[in-house]
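Order as written gives the chain letters A, B, C and D; numbering starts at 1 within each chain.
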Amino acid sequence: MTSIYTNGDNPHFQYVLGLGDDALILGHRWSEWLSKGPNLELDIAASNLALDLIGQADLWLSYAAELQGEGKSSDDLAYLRDTHDFRCHWLTEQPNTDWGLSTARMLMFSVYQYIRYERLVNSSDERIAEIAKKALKEVTYHRRFATEWTMRLGLGTDESNRRLQKGFDTLWRFVPELFETTAWEQELADKGIAVASKDIEAEWTEVISAILAEADITMADTAGKRVIGSRHDGHHTEHLGHILAEMQFLQRAYPTAQGATW
Amino acid sequence: EEGMAEFQARIDRDEFIEPKDWMPEGYRKTLIRQMSQHAHSEIVGMHPEGNWVTRAPTLKRKLILIAKIQDEAGHGLYLYSAAETLGVSREELVRQLHAGEAKYSTIFNYPTMNWADVGAVGWLVDGAAITNQIPLCRCSYGPYARAMTRVCKEESFHQRQGYEALLEMMKGTDEQKKMVQDAFDRLFWPALMMFGPPDSDSAHSSQNMAWKIKRFSNDELRQRFVDATIPQAEFLGLKIPEQIKWNEETGHYDFGELDWDEFWDVVKGNGISNDDRMNARNEALEDGAWVREAAAAYAEKQRAKSKAA
Amino acid sequence: EEGMAEFQARIDRDEFIEPKDWMPEGYRKTLIRQMSQHAHSEIVGMHPEGNWVTRAPTLKRKLILIAKIQDEAGHGLYLYSAAETLGVSREELVRQLHAGEAKYSTIFNYPTMNWADVGAVGWLVDGAAITNQIPLCRCSYGPYARAMTRVCKEESFHQRQGYEALLEMMKGTDEQKKMVQDAFDRLFWPALMMFGPPDSDSAHSSQNMAWKIKRFSNDELRQRFVDATIPQAEFLGLKIPEQIKWNEETGHYDFGELDWDEFWDVVKGNGISNDDRMNARNEALEDGAWVREAAAAYAEKQRAKSKAA
Amino acid sequence: MTSIYTNGDNPHFQYVLGLGDDALILGHRWSEWLSKGPNLELDIAASNLALDLIGQADLWLSYAAELQGEGKSSDDLAYLRDTHDFRCHWLTEQPNTDWGLSTARMLMFSVYQYIRYERLVNSSDERIAEIAKKALKEVTYHRRFATEWTMRLGLGTDESNRRLQKGFDTLWRFVPELFETTAWEQELADKGIAVASKDIEAEWTEVISAILAEADITMADTAGKRVIGSRHDGHHTEHLGHILAEMQFLQRAYPTAQGATW
């Protein structure tokens, strides 16, 4: 059953929008760590992750706005859509319950983004290739950061192992959604524009399982698990609405203020 | 006595004192207090701005704000490191902050109430900080002088960015202009108090001047800041408080008496946000304890492993 | 055996079984399972609606929503109390829920995604619940039947309120109408599944029918709900799913096969919100432990004091 | 120094607005407890408090809108003002860190509201008198509820005493603001319309200190403490902005939807 919020009209736009929303929402989650990190070094690291991801979001959403062709800006897309028009993966929306969960998510997602970007560098859409190339450098660092912290927490103390494991255990259920592939995504992939998400599952699983084995963390078998609902139909976890209420407040409360005057 | 004379002579010759050099206990203590207070201010200062990170109105502004807060964490780091050269650990300094034994700039005990505050903090608070700090780039203690040079450079950048953000808002709607005026009205006076009590009430000053830890008096620096800021406020198109008047004779702006009772009240914990700031610091410290322990345990295991190998 | 025959005879005479009466173990166990599952559903059901309390769009809607959630807590209370008459404590039942040993209605494992969901939960979820429960007002176990009578009355009120809220939204902007359509599209099918698996797959049914714990089959109740709901959806002006067609011959709406794989998947924990629901329950239980302990300790002290007096 | 957001034009409106904002924001804080209470009975109690307070807010804000004379509704006032136009006391804005803090605040504020309403029943403004009379019944119950829970927590266990004490200790700093009296409030009081806040401080202190003495909770001496900033100038703690971002989301995001259609 399709949703009233499905938009299959412009798959190219939808695909790029999804790349942008992932970066935006995950970047927002990292920005929430600012001044709350376990130490100053990690405050700085969290800022870096947030800066990289929100910077990527700006690039993807600017390009998405062009593909949409309605004269919108990246800010319009970031600040003036409600949940049902967001296309981020559910994993990115989950709240930062502790540094363990944030680390687990970053490992899962940076490996995912890395593999996506690594392939998108060869996209037949030059703009996608160009943004992916820039972003790949950043994500290479994110993946290393997440891997190192997975090791530290997995092998540090009993408590850190337990908390990291709990972070992963909270998040496994969002893994199958990462590899859902719509018909239109497959078509875009066939044209060489996009990456079909299902095509990167094996590599993702291999990379993650190797890291977790070394970090003494148990991996769940999520392969083939059914995904109920779809981000392409505007379905999200309840957390996204709360993120947007806060994130979009000023743009919503002062609609006549123009972007440039903020 | 002889060491003391030689020490003073070095300072008088504008030489830098370096960590391994002999120095009087009073010099060391004063520096530790001043540098750690400065470091704490950077750290606590992350919170009022952090209050707006999740609500920044555009992607560009969000990026700028995150980068600014990141720089403040960085400044905190340099300054703690610089203070460590005087033989005190960062852990001990952080402990003093959390125990309420150490101070930080009391302007951070005021809340950030609207988005213009983010720009105004850059313009006024970083602006006042720079006015205070530029002379410290020539401070007699080498590590502090070098840290200040780097900090000042970044803070000048923040100050310009903050001012530029307000310039943009002043081109916007009436509501945006009002936010800027409101932010200025609230933050200007506490910014003036960042220079510390009037010279008439200020202890230690002459010794610190002699040691070149302090190079200008509180009132001198305050006047310098007012003289630089009021024309900027006028250029923004802000309404200037009535008590501020150009004095043709002195070539300075007169600004009347500041409300020092308020200053001391806020220092003592009576600001709107004192408790919020300390609660936020304490939460971060407590919630992060297990992470720091894990990192330490992991590093220890790695060391043991590489030793065994 | 004789007791059993007499018990069945009483039920056949439509007498109520009361707590102190003899009853077969199977009857007791089935009732405990069913009633506690029902109570748990009321409690877990507070969360998807609670998700919108802080964002309700008007004061009136905020009041209505709070009152509705309050009623659900009340229903949970009655139903736990009714179950306690069967010799099981509320603490034990709550423990079973938190340990994942007991079930609750799986529709609450779907998220509430827009404001129309709040109305649609009233209309569809309370609507399905009532369809299920009205026959239970004549259930053979007295305390359950009486609880159901009260619950049904309040839920009918919620159902009308929810429907009325959607009627209002359908008079609003296109965006509001879309929210209603979206809520209907998402919640209608899971609401149909609230009646449980198809009769062909349903265990225990005939015994429960004989005991008058269940009075109609899952499929009968489901059909009754569909027949009542589709005209309401049409009146709202909603687009009805294509597979739903009026069947002139049977006098019912045909609605095709439901996606039972999805149902079982969600029951097993794979819904978008399963974990959020259990985390929220667990947090409330853990965070409130000290309050419950304090209340118990205080009550104990008061008892001791009044005894001493 | 007055603020750009000061509005001394219509003190009658401002006064009633303040009564409404207090009830609205405190009611909102109680509504946050829904489904998160220590047990079902307290979920129900929290709902009652929220219902009463938000109901009072509706009455006060409706009347305030009339006094304002711009054709607005209570919803317009609740949902379309930003922080600087809110006139609630800072105490009401503080987050529910635990049941101890919420209890401490409710004792402080219900005793305050009770005394205010008890006097406003005799207001020369009949509308104020009427609303106060209705609200007084509810607040009588709130005060009793808060008193009972202060006893339970104060005298229950060591932990509950400690947590309740911490709640009070977090909140003392917001007490002096409760008794700040502007010149225009005094004028309204002189006309018999309003209650001058400073006139109820002694009674408040007496009631609270008697309850806390019995509950084994230490009271701070807040008398004469200076208040920095003023709600009448639009000054608030940083928490209010976050409350509003969430509370006002739908009205802000869908400005063309009319009140009646929600």
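In the analysis below, a residue touches a chain if its C-beta (ideal position, glycine included) is under 8 Å from a C-beta of that chain, and two chains touch if they have at least 3 such contacts.
Chain-to-protein mapping (UniProt): A, D = Phenylacetic acid degradation protein.
Bear in mind the structure is a predicted one, so any value in this text is a computation, not a measurement.
Undergrad: Looking at A-B and A-C, which pair shares more C-beta contacts?
TA: A-B
Undergrad: With chain centres defined as C-alpha means, what is the inter-centre distance between subunit B and subunit C in Å?
TA: Those two chain centres are 57 Å apart.
Undergrad: Express in whole angstrom the distance between the two chain centres, defined as the mean CA positions of subunit A and subunit D.
TA: Taking the mean C-alpha position of each chain, the two centres sit 41 Å apart.
Undergrad: At what distance in angstrom does the C-alpha mean of subunit C lie from that of subunit A?
TA: So the centre of subunit A lies 36 Å away from the centre of subunit C.
Undergrad: What residues in subunit B touch two or more of the other chains?
TA: In subunit B, the residues touching two or more other chains are 55.
Undergrad: List, in ascending order, every residue of subunit A touching at least 2 other chains.
TA: Correct list: 82, 241, 245-246, 249.
Undergrad: Report the complete set of touching chain pairs.
TA: Pairs flagged as touching, ordered by label: A-B, A-C, A-D, B-D, C-D.
Undergrad: Flag every residue of subunit D that touches subunit A in the complex, lowest number first.
TA: Counting only subunit D, the residues touching subunit A are 82, 241-242, 244-246, 248-249, 252-253, 255.
Undergrad: Considering the complex alone, what residue numbers of subunit B touch subunit A?
TA: Of all residues in subunit B, those touching subunit A are 43, 46-47, 50, 53-63, 66-67, 69-70, 73-74, 76-77, 80, 115, 165, 168-169, 171-173, 175-176, 280, 283-284, 287-298, 301.
Undergrad: Provide the residue numbers of subunit C that touch subunit A in the complex, in ascending order.
TA: The touching residues are 48, 51, 55, 110-114, 178, 181-182, 185-186, 189, 241, 261-262, 265-266, 269-276.
Undergrad: Please name which positions on subunit D make contact with subunit C in the complex.
TA: Where subunit D meets subunit C, its residues are 24, 28, 31-32, 34-44, 47-48, 50-51, 54-55, 57-58, 61, 74-75, 78-79, 98-99, 151-153, 155-157, 159-160, 163, 246-247, 249-251, 254, 256-262.
Undergrad: What residues on subunit A touch subunit C, complex-wise?
TA: Counting only subunit A, the residues touching subunit C are 1, 3-5, 82-84, 90, 170, 173, 225-226, 228-229, 234-238, 241, 245.
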